[in-house]
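Listed after this line are the structures, all set down as structure tokens.
Common to both upcoming complexes is chain A, partnered first by chain B, then by chain C.
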Partner chain A sequence: MKQILLAASAAIILSAASASAADVKPAVVFDMGGKFDKSFNEGVYNGVEKFKAETGISYREFEVTNETQREQALRKMAQRGADPVVGVGFAQGPAMEKVAKEFPDTRFTIIDMVVDLPNVQSVVFKEQEGSFLVGALAAAASQSGKVGFVGGMDIPLIRRFACGYEQGAKHAGASTEVIQNMTGTTPAAWNDPSKGGELAKSQFDRGVDVVYAAAGGTGIGVYQAAKDSGKLAIGVDSNQNYLHPGTMLTSMLKRVDVAAYNAFKGAQDGTWKPGIQVLGLAEGGIDWALDEHNKGLITPEMQAMVDKVKADIIAGTITVHDYMSDNSCSY
Partner chain B sequence: MRVISGTVPRWVDVGLIPFINILLAFLASGLIILLIGEDPIEAVRILIWGAFGTEEGIGYTLYYTTNFIFTGLAVAVAFHAGLFNIGGEGQAYIGGLGVGLALLLFDNSLPFILILPISIAASALFGAAWAYIPAYLQAYRGSHIVITTIMFNFIASALMVYLLVNVLIQPGQMSPESREFAQSAWLPFMHEAFAWFGVEITRSPLNLSIFWALVCCVLIWGFIWRTRWGYEIRTVGFNETAAVYAGINPKKIVILAMCVSGGLAGFVGLNEVLGVHHRLLLNFQLGYGFAGIAVSLMGRNHPVGIIFASLLFGTLYQGGAELSFDMPKVTREMVEVVQGLVILFSGALALMIKPTVERIYFILASAAARRASAAEG
Partner chain C sequence: MDEFFVLLVSTLDATIRVATPLVLASLAGLYAERSGVIDIGLEGKMLASAFAAASAAYVMNSAWMGLLGGIGISVVLALVHGFACITHRGNQVVSGVAINILVAGLTVTLGIAWFSRGGQTPALTNDARFSPLIWPGAEALTGVPVIGALYSEIISGHNLLVYVAYLAVPLTWWVVYRTRFGLRLRAVGENPSAVDTAGISVTALRYQAMMCCGLLCGIAGTYLSTAQNAAFVKNMTAGQGFIALAAMIFGKWRPVPAMLACLLFGFLDAVANRIQGVKMPVVGEIPVQLIQALPYILTVILLAGFIGKAVAPKASGIPYVKER
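== the complex of A and B ==
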């Protein structure tokens, strides 16, 4: 009898616990790249999966396939009581602005974009700072004095990466030559590894020996080409050093996983706050990757140089020009 | 007593065969859904309910349908002239550019009553202009229209990206999009139109351009079957040599058919840019141009058939989104597989079951005829 009572009370306690845990019903709306793009969306996916693994709270998800579905998906999440709702990518900005107004009691978080509403948390990154760091590193590692950049789709955001990279490379060596290519002008450019590889090879033919890819899934081809040609490559968004240890110089880290995790976690423990969060080097939202896969490539001098540049950017003695502040890369 | 001729009646060709094709597609999709461990019956229920179960769902379904009607008609008109217009995608994109430019110029200065005809004209004109170049190359230079229209899709895409990234972008904005048009110039949403009559319906992207789509169906029917131009288009499509013999200039007809086709595809821009997004943006046309090929094939290149085929594709788009929403295992790629199977069975394999169906029909028909004559005798 006693045991039954114990079991029953345990069951009640357990169900009470799960009831309180069910209070947050997080949801995430991935963008067109899809959640397994090995880069931006996948970073968010890793963040929310981490939340799920830690708390046992499952989340709703949706991957949009056309322009109109963004608004539809965000609204549907809110209608079904999801809270908070995380939108991935700048393209969801206008849609979230509409939907967040319709559901003022639902908490929204948008990554890579600013939506100025009392129930929206906007998380943006200073990609130019991280690109500056890896640019300096690329120039330091280059024997030929020529470094390359392969962008994904030709949009202002990617030019911001390119511009920061160029500044960093020139900072480390004023005579460094930066050769830039964009993979394409359509969203297919985010997922075209063969073209990425071709672009990288043509840059190698022109003397480039370190190449930085900010191109989503296209980067995979760039890294492979670097490995095949014995050149160095730099990863982006997630830590991609493990892909080809020995030829991956480093990765520019954009911690979208942390942003997504924090949005869910903050909503769960009540620390979620609306407003703009600009994550740069100082906030730890942007960084460069140093791990067991690339430590053989980074000499102590290079590390000291990058640490100094990083400290200078944080302290404000180096200011990195943001392409998107005036849509030009004149610094 | 009926004479059994060598051809099956029309209802078998335009009704029964497409229906069987869709059934086969759903059967194959059901097997795949079963394979990933979900209940196919439940999946169909969610799909249908998602497309027609709510006002919002119906709105989205019809909004997609609008786009498919435009691109389906576009493919059909070219098809009647024996041309395969694969460039609906690019023509829709440039049609949207036409609307966008017109609105960016006039939205603050002209009343809506003038904006609307200007937008319709601009989308048709831009779409037609984009189709004119491949048409000219086909007619006068012999470059194959399939190749050139495909290439023009890429050129359109590159042009739009250039314009939106460098010229039309709203300064200080992250996404390559133009500024929002003045609200007075928006094509009213259906929920707004209903509100004029005091009826409240849930908001959805469905807007008044669906009426224009239906008007286009009537116009195109009249154009193809009731005008001299339509007659000439069909003649060239059936037999170009005979058309020349009849005094028709096939070169002019190629250009005419392609321009009408491109103009129709351009109306996708009307629905998307003027009706839904109210700004010029990238990739609003994504996939509709290509789906238009399947819509037209399934609809047997006839406006009525195209309306039904468009409705089916609208259902698949909206119901498919709902499916991936409610069944976590059904990813968006799965939804694309289902859509792809429908296209495969009713497009590429459209004629696969035709001989079988015809044989069965003849066996049944002759059996019925024998019974009838036995009863008479």
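== the complex of A and C ==
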């Protein structure tokens, strides 16, 4: 009798456990750009598709097409009982802060932004580590010993990219000169490819032959200018090597696919935790891109050098200074 | 000295590239305002034509189709503005602002719907762009000091639309000051009832001026997305329409001074790009913010102190009501 009871209770617990696993109803709200934007959103899409393929659990999705839809979309997902709800990009921060307060029992994950609430998981990246890697590559690929950086809006986050890049370039060659330009001081600086192209050309005039852009849409102009002038450029956030095969040296990757996959997977197997998660090289959240579009530009020596730098950063023998920790680039 | 010369040449080269869309747009504004129609919508028309040009050039793989598309949409928008302001005597500023807002949203929405790239258009191949034209003898002259560099860098090596823009300046001067159409255009902006009394249709003249405006804005937008860049990016005009408007006022509604104002803005921009992050003698490194404010600060100083009073065409902004 006792045994039967035990077995029955075990069965109930088991079925409850499996029910809770099956109960995961994940949702994702893509940001402006949509899930096939060949960039940030597509990375998230790849991550959640991987989750779907592995577990067979489908997810709800919404593609935001204007700024007012972010809050509505997040709220609607929560109202329909979706859990966890993943928001993509820093622009969804304020909307998520509002909605997460309204639905304290729903788990939210925001990628590339910090929202400090007990039911929100914030995933951010150590951009300085990836920038260090591509900085080292840039210095190795440069013939002139001068490498350039074009930032978008002049904010601490972009200074963090610039600072990591400078450290990496100096690490690979102590005499490397790094020329930095910021596109502007207003949000228009994210969408000014003409200005980006002009900044890149002005750097080329000063002898730069590899340029790294962390500037959103402005970067498109930088990569184009590099192609038109026969110089090398480095992409950012997602793999942008395909844009101009032959002149894109590499791209600094933020593995948003890993972040999105982890959020869904964590919710499914119960390891999801609120709070801030910082993904760097060691966690596989940051990387550099090597694919069929740029393999001709990366020599075996360069690859070996980057692999060593990467291992050193992970092992802690190289420490990359974070600009945002003290708002200065002293390393 | 030699290094300074190289820097100067590259700065002047950049000036010409940067000022091109400004020159085209300020001439566009000149036609509109000379006829008595204020056009705040230069920015919107440029943006719309940049999008249309990039889309058409990508789909048909031809820069010329892009130009056609860019001019087409820009002329349509200019006529919409005309329909609101000339035919229906609506508020010209409101109509212009409406076009700017409409285009800013519509281009991104259509871009997302058609290309799924977050409002961007796919990058154009070199066949679908206006590529640099190398002038005869430019290669041979590169070795010659001073003249060689000036000729091969500054005069040669730009794309077709750049030359179109700078040729449009004397052409506009000729049209405005030396043709019958120009005389009537100036008259209709100053005193439309006199033109009407002479038996010339004010409405038709103003519509013609708006079409000229649309044509030039269309070329400016096409330059942005298919010559200077190789794709449309949302809001890529980044305020250049308004800078062109300022340049036109700066030039007191005259083509050559307007062009010079555009070149000044372009030059300041090119200089700002080059002195960012450079240690200057005496003052050291200049902060980014100050450098980027430089063109605007100089504009205010020049406008306040050196240019004198800018007087708009008298009937500018006033819808014409025929007396009955």
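Simple rule for what comes next: the second predicted complex is superposed on the first by the 214 of 331 C-alpha atoms of A that agree within 3 Å, B and C clash if a C-alpha of one lies under 4 Å from a C-alpha of the other, contacts with A are read in each partner's own complex, and residues count from 1 in each chain.
The definition used in the following text is that contacts are C-beta pairs under 8 Å (C-beta built on N, C-alpha and C of every residue); 3 or more make two chains touch, one makes a residue touch a chain.
Keep in mind it's a predicted model, so treat the numbers as computed, not measured.
Enquirer: After superposition on the shared chain, which partner residues are touched by A:G130: those of chain B (first), chain C (second), both, or neither?
Expert: neither
Enquirer: Check whether A:G168 is in contact with chain B, with chain C, with both or with neither, and answer first, second, both or neither.
Expert: neither
Enquirer: Examine A:S39 and indicate which partner it touches, taking first as chain B and second as chain C; both and neither are also allowed.
Expert: second
Enquirer: What is the contact status of A:G87 with respect to chain B (first) and chain C (second): first, second, both, or neither?
Expert: Touch partners of A:G87: none, neither chain B nor chain C.
Enquirer: When the two structures are overlaid on chain A, which partner does A:G235 contact: first (chain B), second (chain C), both, or neither?
Expert: After superposing on A, A:G235 lies clear of both chain B and chain C.
Enquirer: Touch test for A:T185: chain B only (first), chain C only (second), both, or neither?
Expert: both
Enquirer: Based on the superposed arrangement, let me know which partner A:D112 touches: chain B (first), chain C (second), both, or neither?
Expert: A:D112: touches chain B, not chain C.
Enquirer: With the two structures laid over each other on chain A, which partner does A:Q72 touch: chain B (first), chain C (second), both, or neither?
Expert: first
Enquirer: Can A:D154 be said to touch chain B (first), chain C (second), both, or neither?
Expert: After superposing on A, A:D154 lies in contact with both chain B and chain C.
Enquirer: Return the residues of chain A at which the contacts from chain B and from chain C coincide.
Expert: Residues 34, 65-66, 154, 185 of chain A touch both chain B and chain C.
Enquirer: Within their complex, state which residues of chain B touch chain A.
Expert: Its residues touching chain A are 60, 63, 154, 157-158, 161-162, 165, 169, 171-172, 174-177, 205, 272, 276-277, 279, 281-284, 286-287, 321, 324-325, 328, 331-332, 335-336.
Enquirer: Please name which positions on chain A make contact with chain B in the complex.
Expert: For chain A paired with chain B, touching residues are 34, 60-69, 71-73, 76, 90-91, 93-94, 112-113, 153-157, 185-187, 324, 327.
Enquirer: Going by the contact rule set out above, which residues of chain C touch chain A in the complex?
Expert: Touching chain A from chain C are residues 6-7, 10, 14, 17-18, 21, 105, 108-109, 112, 116-120, 123, 224, 228-231, 233-236, 238-239, 269-270, 273-274, 276-277, 288-289, 292.
Enquirer: Please name which positions on chain A make contact with chain C in the complex.
Expert: That would be residues 32-34, 36-39, 41, 65-66, 154, 179-182, 184-185, 188, 191-195, 197-199, 201-202, 205-206, 217-218, 220-221, 224, 243-244 of chain A.
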